[in-house]
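Please find the structures below.
Two complexes come next, and they have one chain in common, subunit A, joined by subunit B in the first and subunit C in the second.
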Partner chain A sequence: MSSNTSRRRWPLLLPPLLWQLTFFLLPLLFLFVISFWSVVNFRLEPDMTLKNWDFMLSRSSFWSAYGHTWALALGAAVVTTCCSFPAACSLAFTVSERTRKLALMFLVVPFFTSYLVRVYSWQAFLADNGIVNALLALVGLDGLPMLNSDFGSLVGYVTLALPLVTLVQTMGLAQIDRNLIEAAHNLRAGPVRTLFEVIMPLAKPSLVVGALFAFILAFGDFVAPTYLGGGAPPTLSNLIIDTTKSGQQWPRAAVVAIVMILTLVVTSLAAVRLAYGRRK
Partner chain B sequence: MSEALVEIDRVSKRFGDYTAVTDTSFSIGEGEFLAIMGSSGCGKTTMLRMLAGLEEPSEGEIRLEGRSQKGLPPWGRDLPLVWQSLALFPFLSVLDNVGFGLKMRGVAKAERDRRSLAWLHKLELGEFASRNVMQLSGGQRQRVALARALVTEPKVLLLDEPLSALDAHLSVRMQALLRSLQRELGITFVYVTHSQTEAFSMADRVVIMSRGKVEQIGSPQAIYRHPANRFVAEFIGNVTILRGSVAEVGEQSVRLNTATGGMSVSRGNFAGSHGAHADFYVNADQIAIGDEPRHENHVRARFLSHKFIGNMVTLFLEVPGIEDDLKVILPERTYDCLGMQPGDSVVASWPAAAAHFFGGAA
Partner chain C sequence: MMLRLGRWFGWAYTGYTFLFILAPIAASLVFSFNADRFPSLPLKGFTTEWYGGTFTDPLVIEAFQRSVMVSIPVALLSTILGFCAAYCDFRFDFRGKSLFSLLMLLPPTIPAVIMGLGMLSYLSRISLAGEVWAVLISHVVIALPFAMAMIRLRLAQMDSALEEASWNLQASPAQTLWYVVLPFCKQSLVAAFLITAAVSFDEFAVAWFVSGLNETVPVRVLVFLQGQVSPVINAIGTAVFTSSIFLVAIGMAFSGMGKAKRAAADGPAQPAAGALVSNNGLSL
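Right, the complex of A and B next:
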């Protein structure tokens, strides 16, 4: 694009820029400012103190929650990516374009119901006396503790991210030049080798971006860790809720939120670099 | 041509209701450069894809060295293809692109790098080995694609219009390279193209296809001089087709009555009898132009237009009673000496030996 056309196009960028400024950057700035305020008699008072930052960052409980959240989000990214990939492959390569479009449309259907409702319905499956354990008992197996565990949280995260990740992966895979796949076959690469040697490298951007979406969604989610993970050990989102509930500690919650945002920014940049990074 | 390396035996290919290739048979000799030529949709690419195993024939079978290829997946065959789009892997370096086929065969890294590099040097690409393929020019990528297909030393190389994306100058150079490579390696090339120039300048034999069928197989000279039928004649475009009724069948030639008078045509193995209607063609480069008839057959014609093709000129003449224009090919210098202007009346004449019946060439 020449500089001329980009100059002519910049007015079109104004609405999204204004939107970002008003509803993202300004609140973010406000959040940052609040993190230096104090709470006196359960009320926020403007201040310029570092004690909120000091209080949060010096606690080992904060850092263990941070590590726990990171591990869960990473797990969610890996599990969701692995669950989506076979489905995305068959949607991209084996079905007709018509079927693919229809299937992608149905992928949006889960978003018609509230995420909270979907997570609640998992409780019926995962509870100690729930459906899964009842089925296990039928075949004579011991029940498994699934609710109120990291496994429960992961189930929630996958529920949240799976449709989106499948969508991203399918679109990425469908764009692959079929000639490249046929060329691999022609050079004696069978289906499995073609998958690893040609399709995966070509699909890398969509795989990484899909995983990044899952990571971001899981990292900030409080529904799954609360209702399926049992809130203990807490994630950062659990921590924010606890902090605001107990003694109106909004400044401390702001500290947690800012650390989360910084983490996601750094992770996203790293992921984008991995996905689109310069090839040799 | 030695014995057949590839045999295509009564092969048909249907896609739903559409028939891409109909009951086609021909064989390809060892070390032969065979071009399959035709316009788009004639089935030439489908033919090539069936050879590579990317499509399975609906009927008939393809044999390589006498072994049926039926049911063999593409990755079980040894028929590398040079793609029209090149289909180089964008995520691999030039070296790794060339070595891909060797890697799939389990050749160790050091060995495949050595062999790939040897090919890159051979095609003057040695200095680009570590580059990404996207950083190369069209002609360089073309040679990478060629190296990738040849590095495994196949017996047959399939090429699907590999030069169609190159400019004319580069295309001519690549044609020379392909021809000399093929001679040097002694392997069989099956070259699909819509370009008569490419097919005729490189191939030992040309297969002309139309609507899923083979119209003619022969050397470029044979096809040029003696098109088997009306389709080939019109496709090659170097003859004018005329029609007449047989007046007299002689020893060497046949006398016909046409809309523009009596004409003599080489008899060849013509089997028609008196009164029969027959098409015949006149080779454009064997017609003389002047004020007086110089040969047995002559017509008075009006010069319409001309077009230059290299150092030859194609003239289009209007002849009363003939629907198509009479095509005449002259050397540029001869045309220049005639000093004709559009609209001029001229006499076009040709010997009986310049006119033939379809399929009747002896």
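Right, the complex of A and C next:
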């Protein structure tokens, strides 16, 4: 039987495997390779040099971009997690299954619609003479500068990540055994204590995984920091684009890309360990 | 009393969350008909000038044709490859299976700029960068995981006895796949096709890196965005929103419809099957 199934599985296994190896894994590995190549007369030449690594990693501007990107992505993870938690609780515990499914569907749809247009639309809300400031003026408040700041970037990140994070949290919360919550209630735990000592520990994996998604999305996004954050100081993704598009310095951009991938891998591993505890 | 207050607060908050998510979409729709070039309040009056300007711009028309030409083969290929991957994950046990599934599902977590740079440098070595093919190839890589996940969820609902019965009735594995498994997955295949088409139709970052002069619609929007304030973006945006939401909504209706029908057919007499169906939670 086993040799039979193994013969049976190759025709189905090979096409997707070969495709993803050739067009996903190899391009990523190739980035690592070209980070040691050099650029001669705007052309990529195979080489074995460390000068791209040296050039990027010795610059303080690179490290300040790194710190800025990290801080923004962490901020996005925290803000998105906090913003979506009340909504996720509400969807998981206080509405019917039918309503919840409908709400989740509404949440997922924007995920498949143009992020660029949504960001452009936020510009109209956040501009100095934009919608939010017009509304503030109506109630007699002074306008706030919001566009071209870290706040602007954060609005973009939350737009990008909120639907997904709410979805993950709602699904995590909905799986909690209601008996445990009732038990806490019967044992005279108040709603706040139940929330912090029963619900949140049980929902920890979904909270952490949701936050991780927000972090990953924000860490790699170049649209929000460019068109809502003003592009200065740059993020790592801005740096990749500038380095690639001007001067054809692909090897240097590859160095930035590899540092980003390593950061994401380390962060993801740490988050997974945090989410699923120390079960060894 | 406290609890009821908390409940109302929760609903109001959830309402605001949806408002936050939908506000930019709604604003884009409103401003696409606003006579003022600059998107600001108060509104200046109704116009369809921007739509007229958009749909007579040869660059936009070409980009639109290109996007359609790319997204259909992308959807077809990702759905086929996604089905193969999902079925392997469902049916077979082999060494390195979790690595296989990881490789299949990983692409959406890689930042698009990095994918873009990797694809650009790799595909230009094999003389494909700057061609429509490059966009097609990269989009299949990005869309395949969505198709795989959707089809895998559907396969999880399949009673494995179904396949065994078919084998016992002397059907070959290939016949079983064709006459039993594929029909069972039909709705999720249609849903995967529509959603991967929407993914391709909306993807801008990798396409921007690899497409060269062959702009797709979202790449055109990005170019507009880099230029001046342009109400044309709202017009294109609203048109594209409408079509993507349409695609995704039909896709979801398809993956949900089968469920509703089955639940109705199963009726209360088969609570186990009903529970299996509803336990799946999200059928996306």
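Just so we're on the same page, the second predicted complex is superposed on the first by the 256 of 280 C-alpha atoms of A that agree within 3 Å, B and C clash if a C-alpha of one lies under 4 Å from a C-alpha of the other, contacts with A are read in each partner's own complex, and residues count from 1 in each chain.
The working rule: contacts are C-beta pairs under 8 Å (C-beta built on N, C-alpha and C of every residue); 3 or more make two chains touch, one makes a residue touch a chain.
In this text, all values refer to a predicted model and were calculated from it rather than measured experimentally.
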| item | value |
| --- | --- |
| Joint occupancy of subunit A by subunit B and subunit C, clash or fit | fit |
| Touching partner for A:G220 - first (subunit B), second (subunit C), both, neither | second |
| Partner chain in contact with A:N179 - subunit B first, subunit C second, else both or neither | first |
| Partner chain(s) touched by A:P233 [first = subunit B, second = subunit C, both, neither] | neither |
| First (subunit B), second (subunit C), both or neither touched by A:T113 | second |
| Where the C-alpha centre of subunit A sits as vertex, the angle toward subunit B and subunit C in the overlay (nearest 10 degrees) | 80 |
| Which of subunit B and subunit C A:R188 touches, first, second, both or neither | first |
| Touching partner for A:P205 - first (subunit B), second (subunit C), both, neither | neither |
| Residue contacts with subunit A in the superposition, subunit B compared against subunit C | C |
| Minimum C-alpha spacing, chains overlaid - subunit B and subunit C, in Å | 10 |
| Doubly contacted subunit A residues - partners subunit C and subunit B | none |
| Partner subunit A, residues of subunit C touching it in the complex | 2-3, 6-7, 9-11, 13-14, 17-18, 20-25, 27-28, 31, 39-41, 80-82, 84-85, 87-88, 91-92, 94, 100, 103-104, 106-107, 109-115, 117-123, 125, 137-138, 140-141, 144, 148, 173, 195, 198-199, 202, 204-205, 209, 218, 221-222, 225, 233-234, 236-238, 240-241, 244-245, 247-249, 252, 256, 278, 281-282, 284 |
| Subunit A - residues contacting subunit C, complex | 5-6, 8-9, 12-13, 15-17, 19-21, 23-28, 30-31, 34, 44, 83-84, 86-87, 89-91, 94-95, 97, 101, 103-110, 112-125, 127, 129-131, 134, 158-159, 162-163, 166-167, 171, 174, 191, 216, 219-222, 227, 237, 240-241, 244, 250, 253-254, 257, 260-261, 264 |
| Subunit A-touching residues of subunit B, taken from the complex the two chains share | 52-54, 73-76, 78-81, 83, 85, 87, 89-93, 100-101, 103-105, 130, 132, 148, 152 |
| Contact set on subunit A toward subunit B in their complex | 177, 179-180, 182-190, 193, 197-198, 201-202, 204, 279-280 |
